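Structures incoming, each one as structure tokens.
Here subunit A shows up in two complexes: once beside subunit B, once beside subunit C.
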Partner chain A sequence: MTAEKKTRRWKDKWISIIFVAPTILLILFVSIVPMVIAFRTSLHDTNYGEILGFVGLKHYKQILLTGDGWNNIFNTILYAMGSLAVVIPLGVMAAVGLNNKLKCVTLLRTLIILPWVLSQTVVALLWKWLLNGNFGPVSYVWFALTGEKADFFNTAWIARITVILVNVWFTFPIVLILTLAALQSIPLDLFEAAKVDGASRRDLFWKITLPMIKPTILTAVVMQSMEYFSMVTLIFVMTAGGPFDATETISLRAFKEGFTYWHLGLGSAFSIVIFVMNILFSLIYVRILRNKED
Partner chain B sequence: MKKGSEKEVTGKYANVPAYIGLILLACITLAPLLWALSTSLKIPSEVIQFPPTVIPSILDFSNYYKVLFASNFMTYFRNSIVVTGVSLLISTILSMHCAYAVARFDIPHKNALMFGILMTSMIPTVALLIPLYIMAVRLNLYNTRLWLILIYTGWRTPVLTWMMRGFFEQIPKELEEAAMIDGCSKVKAFYTVILPISQTALASSALLTAVYVWNDFLVSFTFVTDEKLKMLSVGLYSYVTQYGIQWGELMAAVCLSIIPIIILFVCLQKRFVAGMAAGAVKG
Partner chain C sequence: MKKRFLAAAGLMALAACLSGCQGSQGTAASTNGGEAASDTSAASDEDKTLTLWIFLNPESTEDARSIVLKNIVEKYNDENENGYQVVVESMNWDKIETAAIQAAAANTGPDIINFFSDYLQTHIEGGTVQPMTQYAEEFIASMPDYLHTADSLKIGGEIYGLPWETRVYVNWYRKDIYETLPNSLDELVEMAAEKTDERGLGFALGLSEGSSASTFMESFIPWIHSAGGELLDPDGKPLFNSDAGVRVLNTMKALYDSGAMDNSVLSMTLDDVQDGFKAGTIYGISVGSHRASTLYNSDLAENFVSAPIPGFESGTPAPALVAGQTLALGKYCKNTDAAFDFITYFFSEETQIEFLKANSMTVRSSLYDNPDVQALENYDDLAAWNEYASTGTMTVHPDDYAELSVSLVKAAQEVIFNGADPKEQLDSVAAWYNEKHGF
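What follows is the complex of A and B.
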């Protein structure tokens, strides 16, 4: 009996190793090892694909002690916070709307979350064309209203706002989906009980709905800010960082340093900076959650 | 009774703002796509007409003809299908085994292991591109589909493993125990009992992987320069640089490239949403 148990345990052990090992090895190979290489590269001089001498923190100093590095950091924070400031209320409002018993609610939901399945490349190209200064319909409307030709990608602040709004169009469905799932898990008796007590629709929203979906909103904020910190394609295809680097975020800079200018060392240093920003942000998030629980 | 019906009437009116808001929002999400469709069906002179026309005066399909038969579009399309299909298959198979082992076997430090896996999905993808480029060159895997598939598979497995572990843990243990009393081994029970009832969950997570790989730009842009190996999203970008932007053709290519995803999405919307919600709750 015990011998049989022993062989079974031994067998289980081997099976679990066979089941788990391929995944772990693959993750090590495409995520952990590269991260170590990135850190190492960020401390070295490079010439195209070649890694040269050790230079210590030179690249980090170049990022943190120059105007351009801070310009990138500023753009990243502006891009992430600007997008969040619109995406969260819009996503929550749309979800609350879709949570009503409406006719054609499935159709409306399908149409509204459609941008979510498009790629960043497609979204960037669609909007580049819509906002085209000479032939785009948005520019035409602008022209008809103001009598001036619009150029959405030539002035720093207008380009920044444009990029944020396109990102909002592209990403608010994620917040909507998350919020809708949370809304649907609120027990209906809560509302019934509050209605019996004479609560108005507005009371219901502020006193029941919002507190119940708060954790989801917080999750969405963290997920989305990390997403926005590391977004490259949308901005790369739409403005390539211009005009005059006004829309160049850290991730885009890391990508361009790497694969446009072939400065692999500096590019890696920028990558590490984004990684650290992500970690800091998620730590803040975990702390907020803990405080909530206490 | 009367009160009840009155309430219903005010209830109906109360929904009017919701309708207006939602319909407006649907118009905003749909307009860019319709504009692309309209542009793709115009003749070249009408594409660059100011003021622009909303509906093409002559329906012209030559943009589609050019994209499909006189450009590399079909090559890009095929590459996207192959890479997406293979990555989806491997990542699903790997992560379902890993998730099952974590959910049902005694693995030392399994929580630490799962936390570690979760942490890797926090690494920004752009940070991995430079080192993966260095590795690809050293390993002679630059410009190969294999490298793309390895990366996509490896990047998707953490999320998939988390989603599926959550799902397997919800399945009552009695199901396998019953099968094991009938003489099944634990492994056989996994393949014959657990997997068949998990198909829906597996499909939801596989769909998200398909969308991720199909839509990705950075990986295929960075690791493949050979025209014969390029994927769709990069192929679209090359319309921008090569021919000085032929908007009509570009929009035709855009429309063609999003058709598969939109069809999938419209048919399987529930699964998409379920997968997304599960991923976020666990992640």
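What follows is the complex of A and C.
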């Protein structure tokens, strides 16, 4: 290797480092350092913002060895998986539909994407009002049709399903956008060649479209899963975790313990549990989708 | 210093891990950092602004009290000779504690902070406020008609906040539905059950744990007082698991069993109860006098009437639950002289009369004799609330009042909706509270 080549490589290496460094530093200070501090806090007792004595795994035992803690974990998995199970197929189907040449496609895309631009607070307040059992418009129509009051938030399983469906309404547009972008990047030649070979519409979807957008779906699954595991506002505003803790997820509990009751150590332990669950579930998704690919 | 840094970092860490909750916290994004509380009367040449954290929004015209606040700030900014300008940072009322404690952990926070009196102890323990005893004692002495004495406001020998308004919790009824008003809680149960129809509930208590179960506590406390009980003893030990507490939960259950309330109250917060009343789907509720302006902003307002919360004994109302919005000096206030000077603007006769017009009860008793006040359209309401308020006193709750409230409402939910034994439920909350505090 000539000296000139070596110098060039050395320069390229440093230029790469300079470009990557801001991102690495940002991740380090905004994600890694807070996580390390949260882990440290979770091992201590606290009084408001003050960190007190080391208590070891006391807070983790409080989560993992109590019915309350497992109820939160169950609610979290149900909320995340229930939402994903509806959001991904719905987002993909809507994207495939909107990828066709339809009349008013731009208007349709705008309308469907609209929920995504709203904040969690606005969405939660909107649906809380719409579904309110006493004065909500949905309840009013329901009462007019059935003569009975609608009850969306006062029975454990109905409340769980309600928050999942509201979450689906709120978040499926991002899956739609990602999938639509992936669909538009598939070369049309592939479809034309398959058609020449006698492929049906179903074959085109299952054998060309779906495999081509699989990486995007995986990205969407991981992204949405992480978002659902960490979601607080939507549930907090709609149900505050009730009725009877049926919608109290780990992230909501972490928020309440940390910022309402000021049990910062316990709140931090809950946030570490969320982090671990995010890692575990992401690994599971990647493995499942890779295995299928293999 | 290291501990402080770690504490602040810990709070940030928890917030960062809870990425999904960023939108909900409503934290004050910009606060003017200040040095530690010592020698804070020295004015800084560089920064002549005082930040005020308060639930009112001077840019809004929805709440009449916001307009009064706007006038106070403008007047202070125009008139004061020290050159300071007050900047209002408005935030939701139930987010102020969180935001202030987070800020205090990072050695910062507002110069002046407004919060609900129920949370005074939380602010003291959370390190968000500093004593204002010297200023307050002198000021209270100059205002003989102030409802509170300096001694009654002291906690551990210091005054940390001055209530600038007072409120009393009352029952509101639809007078087109209730021809006569109930004289006792038993009568309330009976009448509310009769009034319930297809369109609405005869009476509703909000039994959600949302908003720290505040709407439940606003009934639970006066009811338990009426039954001869107490929430806590002077040392903070639980007393609610008494016969009086059991009687209260049984009466709440009777409202449900009789059909006066249905399942929907389980998820109702204060705002839901209020909105249901305004919408005409609830015929009786219990909310504070300060909500009058909001309630009267309804097509049905001409049918609304308020009355003291009935007690267990016929004809004797439950002792009033009194509370109020309170102003305090932030722990890291830049200039305590200027900040306290601003606080005094809330107490002038002129300002207090403006608040009265906005259905906010004054803390200056002599104003009820003022001809301008007596000429107010809402004077009868104000006078009645003031009379009822005199049957109770403002209570300082423990710093974990929110957690206790949520535990109590969960016990009540079990009793009312799942038929659990009230004594067992209350004993269980008391046992948890005793263990927590080492009683």
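Quick note on the criterion: the second predicted complex is superposed on the first by the 249 of 294 C-alpha atoms of A that agree within 3 Å, B and C clash if a C-alpha of one lies under 4 Å from a C-alpha of the other, contacts with A are read in each partner's own complex, and residues count from 1 in each chain.
One rule holds for everything that comes next: a residue touches a chain if its C-beta (ideal position, glycine included) is under 8 Å from a C-beta of that chain, and two chains touch if they have at least 3 such contacts.
Predicted model, so just to flag it, every value in this text is computed and none were measured.
Colleague: Since both structures carry subunit A, what do subunit B and subunit C do when superposed there: clash or fit?
Modeller: Here the two partners, once superposed via subunit A, clash with each other.
Colleague: Using the touch definition from the top, say if A:Pro137 reaches subunit B (first), subunit C (second), both or neither.
Modeller: After superposing on A, A:Pro137 lies in contact with subunit B but is clear of subunit C.
Colleague: Mind telling me which of the two, subunit B or subunit C, contacts the most residues of subunit A?
Modeller: If we count touched residues of subunit A for both partners, the winner is B.
Colleague: Could you look at A:Val232 and tell me whether it touches subunit B, subunit C, both or neither (first, second, both, neither)?
Modeller: Once the two structures are laid over each other on A, A:Val232 reaches both partners.
Colleague: Classify the contacts of A:Trp157 with the two partner chains as first (subunit B alone), second (subunit C alone), both, or neither.
Modeller: A:Trp157: touches no partner chain.
Colleague: Applying the touch criterion given at the start, work out whether A:Tyr48 contacts subunit B, subunit C, both or neither, answering first, second, both or neither.
Modeller: The second partner, subunit C, only.
Colleague: Touching A:Pro243, do we find subunit B (first), subunit C (second), both, or neither?
Modeller: After superposition on chain A, A:Pro243 lies in contact with subunit C alone.
Colleague: Look at A:Tyr261 in the shared chain and tell me whether it touches subunit B only, subunit C only, both, or neither; answer first, second, both or neither.
Modeller: So A:Tyr261 only meets subunit C here.
Colleague: In the overlaid three-chain picture, which partner chain does A:Leu178 touch, first (subunit B) or second (subunit C), both, or neither?
Modeller: So A:Leu178 only meets subunit B here.
Colleague: Give the stretch of subunit C that clashes with subunit B in the superposition, choosing among 40-48, 58-66, 112-120 or 418-426.
Modeller: The answer is stretch 58-66.
Colleague: Residues on subunit A in contact with subunit B in one complex and with subunit C in the other?
Modeller: Correct list for subunit A: 30-31, 33-38, 41, 49, 51, 119-121, 132, 134-135, 230, 232-233, 237, 251, 254-255, 258-259, 264, 267-268, 271-272, 274-275.
Colleague: Give every residue of subunit C touching subunit A within the complex, in rising order.
Modeller: 3-4, 6-21, 23-25, 98, 101-102, 104-105, 125-127, 200-201, 208-212, 262-264, 266-269, 272, 275-276, 279, 281-282, 400, 402-403, 410, 413-414, 417-418
Colleague: If we count contacts the way the header does, which residues on subunit B are in touch with subunit A in the complex?
Modeller: Residues 14-15, 18-19, 21-23, 25-26, 28-33, 35-36, 39, 47-52, 54, 94-95, 97-98, 100-102, 105-107, 113, 117, 120, 122-135, 137, 150-151, 153-155, 157-158, 161, 186-187, 211, 214-218, 221-222, 233-234, 236-237, 240, 247, 250-251, 254, 257-258, 261-262, 264-266, 269, 272-273, 276-277, 280-281, 283 of subunit B touch subunit A in their complex.
Colleague: Considering the complex alone, what residue numbers of subunit A touch subunit B?
Modeller: 12, 15-16, 18-20, 22-24, 26-27, 29-38, 41, 49, 51, 93-94, 97-98, 100, 102, 106, 108-115, 117-122, 125-127, 129-130, 132, 134-137, 140, 144, 169, 173-174, 177-178, 180-181, 201, 219-220, 223, 226, 229-230, 232-233, 237, 251, 254-255, 258-259, 264, 267-268, 271-272, 274-275, 278-279, 282
Colleague: Would you pull the subunit A residues touching subunit C in the complex into a rising list?
Modeller: Those residues of subunit A that touch subunit C are 30-31, 33-38, 40-41, 46-51, 119-121, 132-135, 149, 151, 153-155, 159, 227, 230-233, 236-237, 239-244, 251, 254-255, 258-262, 264, 267-268, 271-272, 274-275.
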